[in-house]
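First chain written, first letter: the chains are A, B, C, D and E, and each begins at residue 1.
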């Protein structure tokens, strides 16, 4: 039972983690909370759906429309994620860059991203309605069982296949991103930009280009995540990603702002805490998760893996 | 003196909102020279350097570097063209290590082996930085940060170095070290535009100098002559 | 003909945006089919009706704003809002202004009691839900233990689960510890693990389409094989894409059956299927029924006192009286109202979901 | 520690950052009315010592006495309230406030007006507000910034920001004024002016001054006594002449040619 | 005119109430504290009023509390008598509810604020959101708050919504005046100095903890009282009144309006609350092409979102900046 609950926690947490990865990327470079990330995440799921040549429902402008061709799931996922990444770049170009150029308060940027999120969600609804969609069952791994039992038949520890995929992809993204940011020259430049864009430009770093890259990566990761979560729980409507906004924020703050492993650790931890809430308290689950977050922050104000807030006077 | 000019600032005017910080400033720096810019607080020295490295947009005037107009380039393109700027207030990247800061100084270069060699050279120059190699730059003492800022600029192997008060906050021993570095660099062919409060020391180490007052150039000439100039003595040499 | 005169305006205030829009969109479709259908048949004694749509979004303020706008626009009555919680805040305004309101989907306790002008065409859960339990026991008389899940942050699911729990206890079945979730949740493995080891033979879910569908899917994937009853929130084809082939067999009590063999229902189903390519859901049927009640009550009123002779306030007041005293043959079956405005519906149904082999499309098969 | 009865007494103060001991077992006392210099190579621990004294950094071990009271572990605002004002090496003005507001903020502890009475603008509060404003204006005049009282602090050039910081510290009406490299960024002429200024305010407000400065002539000309730190340790303490001729100080700090 | 008030009366009072909430969030922000707790206190305030006026606290037939709680409950029942059918709820009692809600929220704010305000920036924001979430989940679970259905049938002090102006407008005026004055006096300056540089402020003798908790508490009192008023205003109260979404929306009021002066939050709240309704109204304007009218209706939140996003470009410091009032040096030359 405990093993199963831990496995559940891992499964829930991996969804939080994969959502948070792209979220935290932008925060760590630009110091802004990008609420539009949830919307891009949603878009990723819809892009993949569209690219697979599947048909839309009865509401919205695109009712009953579909592409004349259909890509296999994994190809559609990659192409969809690239489009999501480009969409991120587009948002950067029209909103975030001008805001940076005007020296806007980070909170204002946050609010702008909120506006974008509202607009995107409602554009999705305008185009394809609020209906639920899903990828054909078995799209990802044809023939694979719906779940895998890691325990015995008497003491089962079951994880659903869709969630195993999410865990695997989350870990893969984590490894690639960590390597990229910590070990490559571009990664070092990214960290420099996140510290101080003006000074970075004095070192010959084209800050705009790097920020564009960040938005692309974040959008790409978000698009992958959206599709995989869509695979797991269906595309439950235009609010698919937005509904992760609060948990996602909790995850990146708990893990430590700007820390990429922190997003994964934070996600898994919140997932496990939620899973371990005793049955009798299940109706207080969200409150407990946030209470724990509150307490962790009081003990470790910078989050679990966050760098301490140094202040040299 | 007939050497070709590396930097030609002509008629530079800069405004901060309603405040005019520079008015019609014209400065020439020839290849291989050290040129010093002196002036009181708020005279516009830092503003001049910031305009050259394109941290701000001048209202009017031209800035030519090696014969090419750089007034439309981005800041990072200016660095690629061979200009390094040690800004006022150090501006080290606080949450990166000392080593990362230095490596980023060489961001525009691709000759990896030479970069390693230069890194070692900086550590040799500033042993304190070697000791602090893995420390986050933001926790360095003020003077240590200043050393880092200078070393970082050198990592790009600039042809023109803009130094904004490099001796600020440094112990006397290190100040002397900095000026010996300036001489070394200059001998190895780097051109330097220097802003410095320690005017005597700066002028002693330069070929020529400019005096900036309230955003305008009021005096210019060979460094020796400026040191002797009564007005300069009274106003800036104390 | 119907087109010559100024149309009679009926307000429709449902959620066209926000995450309640999924339900609201179905209601709009139902109401619009009714508009076309009755105008085709001559409207109100020759005078056409016209729907005035106002979006309530998902919150109370949105519902109040929509209601205010409609009240000022001089509509004769309002169909709406989508959520019971919105009704509690917006309906009193209509009550005060003397505008008759028909609730198309407010099933919580206490809605008709808000006032004289408030009535509903949506049968309260207490009436509908027990039928599903009875149907499940018909299918499997050996059911002993029952697990109940409900969306705690949804007013509708909360009242529905109460009814389900009472029914289960009343029938002498063992109720496992009740599991709660939020409509925004997507992962239910923790709750499932809490009850699955006790081997329930029946699972009852009160939630909305997306969360409910996911709960069904995850129950099945984690190895549950018994019967599943879905509450009214799952009573929409929108659950099909969520649980796909695993939706198969979900038992859902219905206030409406598209198979009901009445003239009006056949006409409604035909119109709906022509436009939407699928069978109509309950939410659309209820919205249709709401408009139908307005139209027929107006017609009766017009027969007694010609509408041209009445001002808006009089029309509204009289319309309310006529609504409550009428008898309506709607797609939902025959409806009448109590003096409070509570619906008396003659017939209820139970359906089971039958998914096609591709796992993408499905239908509700009526078993009672 | 027992023999001196200084205004500020520092007893075996130590502060470590991880493995690095930035201030190592330092003890000395600053007497009332003196101008006390603190010098040493970059990274010797001078600023850290300031932060320890003003409560911004808690010590690893050791004790602090101010006006005879043990202030070890007191919070910065409590220490400020006891009469200690400071400036910062990396200027820390309130960048979006005007020069005048910057100075007025520092009068907080000398004014009374509470939330309600202040908001209501009772006569007493109005008077207090007016007096605070006048006093702030006076301080700005002293540092020659009165004409730019309404300019936001971030728009001042470096040197002026330093002067504004001093004015702000003076508004606390401190007994002890700590200045961290006040002359940095000034030309020799301005430095000389600053020395004069420090002496004047010291007399005028009967201050004790503790000062970090790298500009040797300024320090030597201004200070009554000087302590020298190197690698966190106190290596010399005495009057300027003594310190200047101390071989250890020459070796570590001054260099041979001075 | 009457028509206008009938249609927009509710909206106008909503603007006023939202502006009050915006100011409640602005207060801690003045001291540099990004607290999003306002909806939590707002929700609590609303429950206080709902519970007292609907008398949900009165034990349902038969249930008794142990003494002395029982006497207290009975006493409370006499203070808040049942409102007879068709009669208005006494305004004096409404004011008492607002007072109780304010005091209660203030006390709670001190308890929550003392530990939470040690956090900074986004970390504090999240801790306060945690508070909002906890309030939400707890109120979903308690019987006295009515679970997810909440409390409905809250008695009305006025026959029409617009008449709530008698309380809401003076309330806003008082709060606005308070904040306006606060910005100009000693305590307000201390708050602002904390926003500018907490360490430097502490070194100038300003007690950071005290002032942060003070600003947070003042905000909570205002939000609580506003909640009490709102509960009557919207007839019903439930757990969806105080949510993360509300936190973000109120933050948007403050930031879009301008977070450096008292007028900004008010203007922001007015604009953002009115905008969706204005768009709703625009769709009904005679003579605009039907496709546009249709889009204004269906796509009004698209327009709303885009307007929020793009307005930030034109007003990077918010709509209202202190510079609108006084002339200060700008920095246009900086890139």
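Definition applied: a contact is a pair of C-beta atoms (placed from the backbone, for glycine too) under 8 Å apart; a residue touches a chain by one contact, two chains touch by 3 or more.
Note that this is a predicted model, so its numbers are computed, not measured.
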Report summary line: Touching both subunit A and subunit C we find E
Report summary line: Greatest centre-to-centre gap (Cα means) from subunit D is with chain C
Query - A-E compared against A-B, more contacting pairs - result: A-E
Query raised in the report: Where the centre means the average of the CA atoms, what chain is farthest from subunit E?
Result: B
Report summary line: CA centroids of subunit D and subunit E: separation to the nearest Å works out as 43
Report task. List the centre-to-centre spacing of subunit B and subunit D in whole Å, with centres computed as mean CA coordinates. Result -> 30
Requested in this report: Provide the C-alpha centroid distance between subunit C and subunit D, rounded to the nearest whole angstrom.
Outcome: 73
Report task. Mark out which residues of subunit B touch at least two other chains, giving numbers and ranges. Result -> 16, 19, 55, 75, 139-140
Query raised in the report: Where does subunit C touch two or more other chains at once, residue-wise?
Result: 17, 152
Query raised in the report: Do you know which subunit D residues sit against two or more other chains?
Result: 47, 56, 88-90, 92, 155
Report summary line: The subunit C residues in contact with subunit E across the complex are 16-17, 53-55, 57, 59-61, 64-65, 68-69, 71-73, 84-85, 88-90, 92-93, 96, 108-110, 114, 152-155, 157-159
**Report entry** Residue ranges of subunit A touching subunit B (in the complex, touch as defined)
**Finding:** 185, 188-189, 191-192, 195-196, 198-208, 307, 310, 312
**Report entry** subunit E residues touching subunit D - in the complex, by the definition given at the top
**Finding:** 177-178, 181-182, 185-190, 192-193, 196-197, 199-208, 214, 218, 260, 326, 328-329, 331
**Report entry** Complex contacts: residues of subunit E adjacent to subunit C
**Finding:** 3, 6-11, 14, 140-141, 147-150, 152-153, 156, 159-161, 234-236, 238-241, 277, 280-281, 284, 297-298, 300-301
Report summary line: As the complex stands, subunit B meets subunit D at residues 16, 19, 38, 40-43, 46, 88-89, 128, 135, 139-144, 146-147, 165, 168-176, 197-200, 234-238
